[in-house]
Structures are given as C-alpha cells and as structure tokens.
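Here come two complexes built around chain A, the first alongside chain B, the second alongside chain C.
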Partner chain A sequence: MPNQDNALDRRDLIKKGLHGLALLVTGGVSGFLAERSQANSYHWQIDPSKCIACGNCATYCVLEESAVKCVNTYAMCGYCNLCTAFFEPAPKSLNTGAENQLCPTGAILRTFIEEPYYEYKIDESLCIACGKCVKGCKEFGNGSLYLQVRHDRCVNCNQCAIAVACPTQALTRVHRDQPYLLKGMDNKA
Partner chain B sequence: MTEFASVLQRVALIASDIQRFPPPDFESDYTMPLPATPAPRAPWLGGVDVIVLFAALSVGVYLVHKKRSRLSVFLLMVFSLIYFGFYRLGCVCAIGSIQNVSLAIANPSYAIPLTVVAFFLLPLVFTLFFGRVFCAGVCPLGAMQDLMLIKPISIPVWLQQALGLLAYLYLGAAVLFAAMGSAFIICEYDPFVAFFRLNGNPNIIILGVSLLIIGLFVGRPYCRFLCPYGVILHHFSRLSHWRVTITPQDCHQCQICEEACPFGAILPPTGEQNGQHWAPDKKRLIPALILTPILIAFCGWVFSMAGSSFSKMDYTVHLAERIVLEDTGQADGTTDASKAFRDSGQPGETLIQDAQNIMDRYVMAGWILGAFFGLVLSGKMIRLCLPDRRDDYEADRGDCLACARCFSYCPQELKRRRISRTAPVTAGSEAAVES
Partner chain C sequence: MKSTKQKNNQWVIGLVIAVALGGVVLSIVSTDRFGEKGNGLGPEYQYDLSELRKTDPAMILYKEASPRINTGHSWGRAIAVGPEDQIYTLGGQQLHVFDSTGKRLPLTIERDKELTAVTVLKDGSIYLGVTDHIEIFDASGQLKSQWESIGSGAEITSIVVTPDIVFAADFGSRSVIRYDASGQKLDSFGDFNLPSNYFDLAYTSDGQLLAANTGEHRIETYDLKGNLMSWWGEFSNQEPDKFCGCCNPISFALLPGQSGIVTCEKGLTRVKVYDKEGRFVGFVAGAESFDQRDGLTATPEYCYNRMGLDVAVDSQGRVLVLEPVMAEIRVYQRINTDNSSRSQGI
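Take a look at the complex of A and B:
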C-alpha cells in the first residue's frame, strides 16, 4: 500500500517539524526570559508606610508561627516611661506585671536605662505579629515599632499568603540586596 | 521606577511619622542597638534546587526508558516528595512558574528570578525529548496523589476528555490573572501545598483532602483534570523524540497493559479498515472546521461578559467597589481596606477611574481567554475527526505520565526481565509466561 506509506512519511515529517518548532519556541522563550531574568531573587517585605497593623500577619502566614515579627527602630523610639505600645490603656501601674502589658505573649522586654528612659526590645521567639504594639506606638507614640518579614523564618512563597490577605497591599516583592524596609534607615544591605 | 516610588514613599513616611517624644540624650554610656536584619536564604541554595531538579529529571529518564522499573520510579517519586515537597515546602515549583513567566512577559519591570526560569524550562525540554518524566517522578504534587492511588477505577473516555478541558481553563485563567498582576491563583489554590507545610487555609485543605480521597480511586485527579502545567507538558509530550514503550518486543495485544493503566492513557489498536481509516472523516471534519470561528467568537463573547466578574480578583477593583457601595449607602461600616484608603486621604475618583481601566482591560482579556478556550474546544473536535492509527496497544503520548506501572504487566517485558536475569530460558518457562 504505497498510499499508506506516503501518509506515514508525511505524518512523521509533520511530527518532526512540530518537534523542531517546539524546540525553537522553547529556545525563544528561554532567550526572552533570560534577558528579563536576573540571579537576584525577590523576597516579600512589608512596607511600614502602608501597614495598618490589622493582625492578618499573625494568622495568614503559611507557617504555624508567622514569619512576620515586630521591629523597633531605636533611633526613632522615645524610650518613654509610659510606653503606649507596652502598656494597656490606663495601666494599673507602670511595671512589667502581666496585667499591665498590651502584648498578649509578653514579647516586649522593658529595660531601665536611666531616669526616665526605658528600652523596649522585641523577643522574636515570643512575638506573634498581632500588631497590637505597632498600633499603640503609631497612634500615641513615635511609630518606631512596625512589622517586618523576618527572612530567616520566611520560606519565600511564590505567592505570599499574607500578601493575599493584606487589606492595604503593604506586602511587596523586594530585591534580595534590600530585603528590609526599615523605618528611618538607609535600607541598602 | 518602582524603587524610586518606594523611596519617595519612605521619605514621605518619615515626614508623616509624628515624633511626639524626642529621642532622648542619654547621659549613661548606653548605645542604641540597630534592628537585626537576618539575611534571606543564600542564593546559591536556589542553584542547588535547580541541580537537584536536573538530576532528578535525568535519573527519571534513565529509570523510565532504560531500567524500566516501577519500583525505582516510585523511589524517585518519594525522594521528590520529600525534597521538593516537605523540605522545600513546595516552592519553587514548575507549575507555579507559569505565573512568573506570564508576569515577566506582560510586565517588563518584573525581573524573573533565574531559578524560576530553570524550573519552568527544564521539565519542558526533558518532556520534548523523553515524555512526561517530570510528572512521573519529579513533581511533588503528582507524587502526593500517586502515593494515594490504592484502588484505581477506569472512568469513561467522554468524562475524561470533558474533565480534561478544565485544565485548559485553569491554565488560561492563571496566565490571565498573573499577566494582569492581580493574583497568582495556582499558588493561592494549590490543593496540596498545605500538606507540605502542615498548615494552611481550611478551605484549601478541604479541597486537598477531597482530591486525595477522589485520588484513592481516580488516578491523579489534579494532574489529569486541573494541572495547568500538565496541559503544556501534554502537548510537548506528544511531540517527544523518544516515547514510553510498553513492550520491549512485539505486542501480543493481550490488553493487560490497558487494564493496568490507572490513568486511562493506554489506547487499543485501531484495527484495519481497508486503509479507509487514513482519510479524515470529511462528514464531520467540514462542520467542525466551519464551527471553529463561530466557537472562538462565541466563547470570546461569553468570557468577555464574565470579564468584569474576573476583575474582582484585582485589589484596586475590589477596593473601589467597596468604596462605591459605602458611598451609596449599600454597605454598612468599613472594612480594613476601605478605612485605610479613606484615612490615606486619596481621592476616590482616581481610584474608581483606575478600577474602571482595569475592568476594561479584563473585558479585553476575557475576549482573549474565551477565544483561547474556543480554540481548544474546536481543536479537540477536529482531532476527533482526524484518523488515528495504532497497530498495537500504545501509550497515548500526551496522556502518558510515564509512571512505569504498565511495564511489569506486559508478558513480553516479563520475559525480557527473566532473560536478562537468568541463563537461557527453557521452553517451559517461556510458555508459562506467555499463557
């Protein structure tokens, strides 16, 4: 059956042609992507100017313990005795008693420096990124406390689950050489 | 450009932050600490991921094409599940890389990381030469489902084909939303990644568990009916240079392999029909060809109608809608997003105008997505009218996931293994294998 053989040859030829075409397309796409690509990777970070400390960071991260933690830019901190990030509104007394603290996990360490100043340091192992202190500091203090993705914890998902849930699109992709958006700082690594 | 904008924002921010309490002048020798900035994962580890991917693909090719051993493919699959799944927590993955590629093509300011490019391209190139070895032993999502497959049932061809169309829709939608910069839906609705992380959105976990339960009986439901990357691999695999061969020698047409395949990917011989079956079925082909432009236009129209609903995936559109609802009194109170927007003092008109522009672009994108889907539908129809010729039982090049299950079911293959394992085969044992 010569007819059939012809048909077979033709099919084979078409298939080979398409195979070559697919290779070409893949090559073209790789060339295009290579031009647009860079070795530098993207990482998720919170833009503190957009963050409203809604608390989503605490619950939406794919990690059981959120990769977001609170950060203090000490240069902006007032070292207040009555810190509105540390104390409940109208605290019974200005000491580290649990009933006075705003932080649900007691993650802020209050250390006396000199009269009348106190240092406030975040214990990252306890911080759950609920943003209560951030709100307190922003509304009544200097706004030196804010939330940041900690890159030693973040697994850098292709689509950050917190970014999806963020009401103000405060989570953006930043470059590896500038992985933090710290307040009042030159953020170049 | 965006960097410049973010610098501007930060300058504005520092100005807007009210220094209610001036930073103290310490008299003691206290020095202010700097906030710790732990570095991200070292970039060379991304290179390790690519090397592992390449090695796993190469080993997969050897196991499927040379060693022809299901057990080895199974072990490779378990390794990939542990490495790419539980160790790397499902990121970066080839399936999700489609979105990064779409975004990179649509938006020149997005520089796609090289690791992601490698994860997108390597499986494609391997598939173009060796078939879907990636699906067989390297993809952690496939491995997850394959491990659950306990009692496979075969589903009717029409249902398999119809469900297969879902993957095209998913692919189209994923490319669309990623290119528009609105969402990465493949990642957002990844049903199995929550298992790798042992944590996740409850709705997605329910979806994942349901898929795994279905997967007890229907082989790899996500891979066959939803996976957007699988669509691309399907077509690349059909053009592959070397195909997965079921039998090492002549096929005896015993049909055992067809029964053994849990994915309905092995097709029976077409049989001779006096050479007739080489001619396309003109009675059906001509209407199908005529219907093609109609189908494309119709689907395009339907999807463009749905374009404004798609646009709700976009943040700006979603927010603008909420603002309008609140302004017109149709919604009570505020959401976090709308409150933050109002507090920012930006004009509502600009937002609504932006949202309107995005919606218009979505209507346009709906036309494109619909036309693509119409093309897929008519392509399937035309394919049905074209002749197929198989003299033996063969794995469908596109559907075959190269899982290597069928090999050990083939009597010819068993014979080959026995020959390679022991000394000359006696006539008796050969007959026993053949019977």
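Take a look at the complex of A and C:
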C-alpha cells in the first residue's frame, strides 16, 4: 500500500499546513497587535533641552488645537513679581492689564502668594503653544516654563507632524511609563 | 574589459549615490535650524528683543583690550582678582589661576563639591565657597581651614572678608551669614528677594557691605552689623541706565579707589558702569557683544545651569568678565575719553 502512507502524509501535510496557517495568522495577528501595542507604548514628547520655542508646535500639530501646551516646573520658578514670561518686555506698567501681558491669549494666570512672590499657572484651554512665554522665561528668568505634548490630547500619530517641522529635532519617543520630559532641579531633561 | 551591462550598472549606482548625497545635502541646507522659516503665527506671537539689545555706541566706554583668556573649565562660574593682579576662576569643582597676562599658573584646587564663590586676599589667601561651606587655602593652595556647613540647600554665592567679620551670601536662605575671623557663625541678616541663584557682595574701603538684591533690582548698602543703610537701582527693560529682567544685577565689582561699580546683567546680557552714588556712567559692553548665536543665550539650558556673567576688576582698572558658556575671560579697558562728559563720572 504504497499510497496509504502518501495519503496519510498528504492529510498530515494539509493538517500541518492548516495548523501552520493558523499559527501564522495567530502569530501575524498577535505580532501585529504586539507591534501596535508596542507602538502605543511609546509617545511623542518634547525634549526641553532641545526646544527653542520656535512656535511650530502651535501650527504644525494635526489637531486643530495643538496637543502641545506650556507647563511650569514650580521647583525652578522664581515666583518673580516681575515675571518676564507674564509681562511684555516693555510693559507700560506692572499690572495685569491685557496691554502689559505677554501671552497673546491671556493663558497665564498670576496669583499673589506672599510678598514679593507670585505664582504663574497656565490655563491649558487657552494656551496654543506659541512658545512666547517660554522665550520670555528663558531669556530673563529661570527657564521654568517649557512646552510638552499633553497625552490627554495627543492622538499619537505614527509620524508626529511637529517632529517633521521641528527645527531642532526636539521631538522624541518616550515610553508611556515616563511620558513627560520634565525639567527640574533633580530631573534635568 | 567591462561589459556594457556592467558599465550601465555602475552609472545607475553612481546616479543613486549622487541623488542620495544630494538629498542629504539638501536636507542639511534646508533644515530650519533656528526656526526662522516662520511658524505662521501673527506678529503678536513673536518675541523680539532685538531693539532692546541695541546699544548707543556713544555710551560704550570700554573696549576689549587683549585676546580672550581660555579658562580651561567646561563652563565658568566665578572670577576674582588677587595679588599682582592674578586671576582666579571657578568652573565645576576646580579653581584655576592665571597671571595678569592670562598665562595659566600651575596652581589648581579641586574639591568634591561645586565651587560656588571665590575671594582672594592681598596675602594670596583663597576663600572658597564650596557649595554649602567655606574653605580657606594659603597662596600655595594648602588647605588651612574648613568651616562648618551652613546646611542642606545652602549655596554660597559670594564671600567678603574684613579684618573682623567674614560675610557669606547664601542663596539657599536668601540671607547673608556673618562669621568671626575664626569661622564661628555669629548670625545672619536680610530677607533678600532672589528669584535665581545670583547673589553678589562687595566691601567698600569705608567699611560698608554692598549686596545685590536682584529681585528688587537694587544694590543695597549695609553696615557691618547688617543694618540696611541705603540702596539704589530700579527696573526697566527699555532704559539702559536701569536693571532689566526679573533679577539683576547678577554680579558686580568695585573699580579701583571705589570710584565706581561695574555691574553684569542677564536677559539683556550686558556690563555697565555706575558711579559710587549709583548714577549710570556708561557701558563696558552692550548686549550685542553677547550675541545669541555666540551660544550664550541660544541654548535652552541657559540659566538652567547658571550661565550668567561674573566680573572682577584688577588694580589697573581693567574689567575682567567671565563668560560662562565659552568659559572665557574677556578683558576690557577704558577707552580714553577725556573730553567726554560721561568720563567725568568716574
């Protein structure tokens, strides 16, 4: 019965083949999923030590309202009365009148703490990530204001449109366990 | 002999390499490294200090007198002048010494913490701020005394030595600590408004202590017990005779005979001269001298790593400015302007 073996072989082969195909499909799907979830494990983030606050973050994000926002590291902030991120470089007077404020959208909130200290908070709903205050803080102050991709807004594009436009290649991939590159006395970004 | 097919292959490979190289060159050339191609935002979103950085040339009273001195530090923190106009610089954990012409001398002091302040006496004794405490070395670099730490978070940014009292400016506590000559802490005074870690002191020959209260944009005068006697200085970003930004002047030094005070500012990085009553005299160097592209303010790390200028004056009245990013000393000499009214000020 020379062909029986062959027939069995063929059945075996088909079985094995189907099994293999199933494995391949499963492997492919799980590989695909793994790849996807691995891709999802990484997020785009701005390395503040590279960012020059060029303003592209405001206009190049695929979202209508940029996923990038300004943040303040309070450990570095001078709580200055004369905050150069809050006031225009040549303010008419040192009060919160709109004409004296540097932020074009009025996104920086100034709160008196105690003489002579003021706290500066960003209203993210108003911040468009133009980086103007970041420059003001960097030029005169302590550099405590900087830009970060906010992950509650970012849709994690495969290729971040800002990364392509960024003149200093400041956009980098970070693991989701540490999604922010925070400035700080002990956490130099 | 190569076949026509081989030759064609070589052409194709050559073409591909040329196109690839062209692409690389094009992408390097067309990369907008300084973000100058525009972000599409309106003028109200632009931050432009170029007008404020301009200096009236008639106000510049000094010129660079000699080649810049490379300190050999990876970045510079502080500068002082000692006997025979020797120059002492700090960078990281090291002190370097130069003769008055800028030639490096063999003495180097290295500690295991950042060196944050230096003062050198007439006999060559070196008082070093080693982050949170003072150490004293003799002229040959031998350790003579090590004082107690002020405490964690302390950062000694300036030291003044008088015959009886030693003063240490402590950024951590925003106060001046008084010690007796043996290093025993007496007390401290002041609640200075210091948004960033610049806090300089000087001692006048008529026995007064000068302190830069940077957040108030003032130079303040204290008696040796720490009582505030007087002050001068105010804020303006537009008026060059005033101090700019959130906190200035970041450093200062007295001219010979205490005829005037040289001040350094950050933000609008510049060096100016005032007479001893605090009247503006002119510029040693305007903000253009510290152009952004020199690297001084172009790096985002600016300020983050304490990148402000420090200054000392030697016995000939030369102004020595330590530029931290390049870790170079710029040597400025007064231009002879006898017929200038401004020159009468000092």
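The rule is simple: the second predicted complex is superposed on the first by the 144 of 189 C-alpha atoms of A that agree within 3 Å, B and C clash if a C-alpha of one lies under 4 Å from a C-alpha of the other, contacts with A are read in each partner's own complex, and residues count from 1 in each chain.
The definition used in the following text is that contacts are C-beta pairs under 8 Å (C-beta built on N, C-alpha and C of every residue); 3 or more make two chains touch, one makes a residue touch a chain.
As the structure is a prediction and not an experimental result, all values here were calculated from the model.
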item	value
Contacts of A:89 with chain B and chain C, given as first, second, both or neither	second
Which of chain B and chain C A:135 touches, first, second, both or neither	second
Contacts of A:59 with chain B and chain C, given as first, second, both or neither	second
Chain B versus chain C as contact partner of A:71, first or second or both or neither	first
Chain B versus chain C as contact partner of A:154, first or second or both or neither	first
When both partners are placed on the shared chain, which of chain B and chain C touches more of chain A	B
Which superposed partner A:171 touches (first chain B, second chain C, both, neither)	neither
Contacts of A:107 with chain B and chain C, given as first, second, both or neither	neither
First, second, both or neither for A:180, with chain B first and chain C second	first
Which of chain B and chain C A:162 touches, first, second, both or neither	neither
Shared chain A contacts, counted only where both chain B and chain C touch the same residue	48-50, 52, 54, 76, 78-80, 140-143, 167-168, 183
Chain A-touching residues of chain C, taken from the complex the two chains share	31-35, 37, 39-42, 44-47, 49, 52, 193, 195-196, 215-216, 235, 237-238, 244-247, 266-267, 297-298, 300-304
Residues of chain A touching chain B in the complex	1, 3-4, 7, 15, 18-19, 22-23, 26, 29-30, 32-34, 36-43, 47-50, 52, 54, 62-64, 71-80, 113-114, 117, 119, 121, 140-143, 148, 150-152, 154-159, 161, 164, 167-169, 172, 176, 179-185, 187, 189
In the complex, chain A residues that touch chain C	48-56, 58-60, 76, 78-84, 89-90, 102, 104, 116, 130-132, 135-136, 138-143, 146, 167-168, 183, 188
For the chain B and chain A complex, residues of the former touching the latter	6, 9-10, 12-14, 16-24, 26-28, 30, 32-35, 37-41, 43, 46, 89, 91-93, 96-97, 99-101, 104-105, 108, 110-117, 120-121, 124-125, 128, 183-184, 187-188, 193-194, 197-201, 235-236, 239-241, 275, 278, 315, 335-337, 339-341, 343
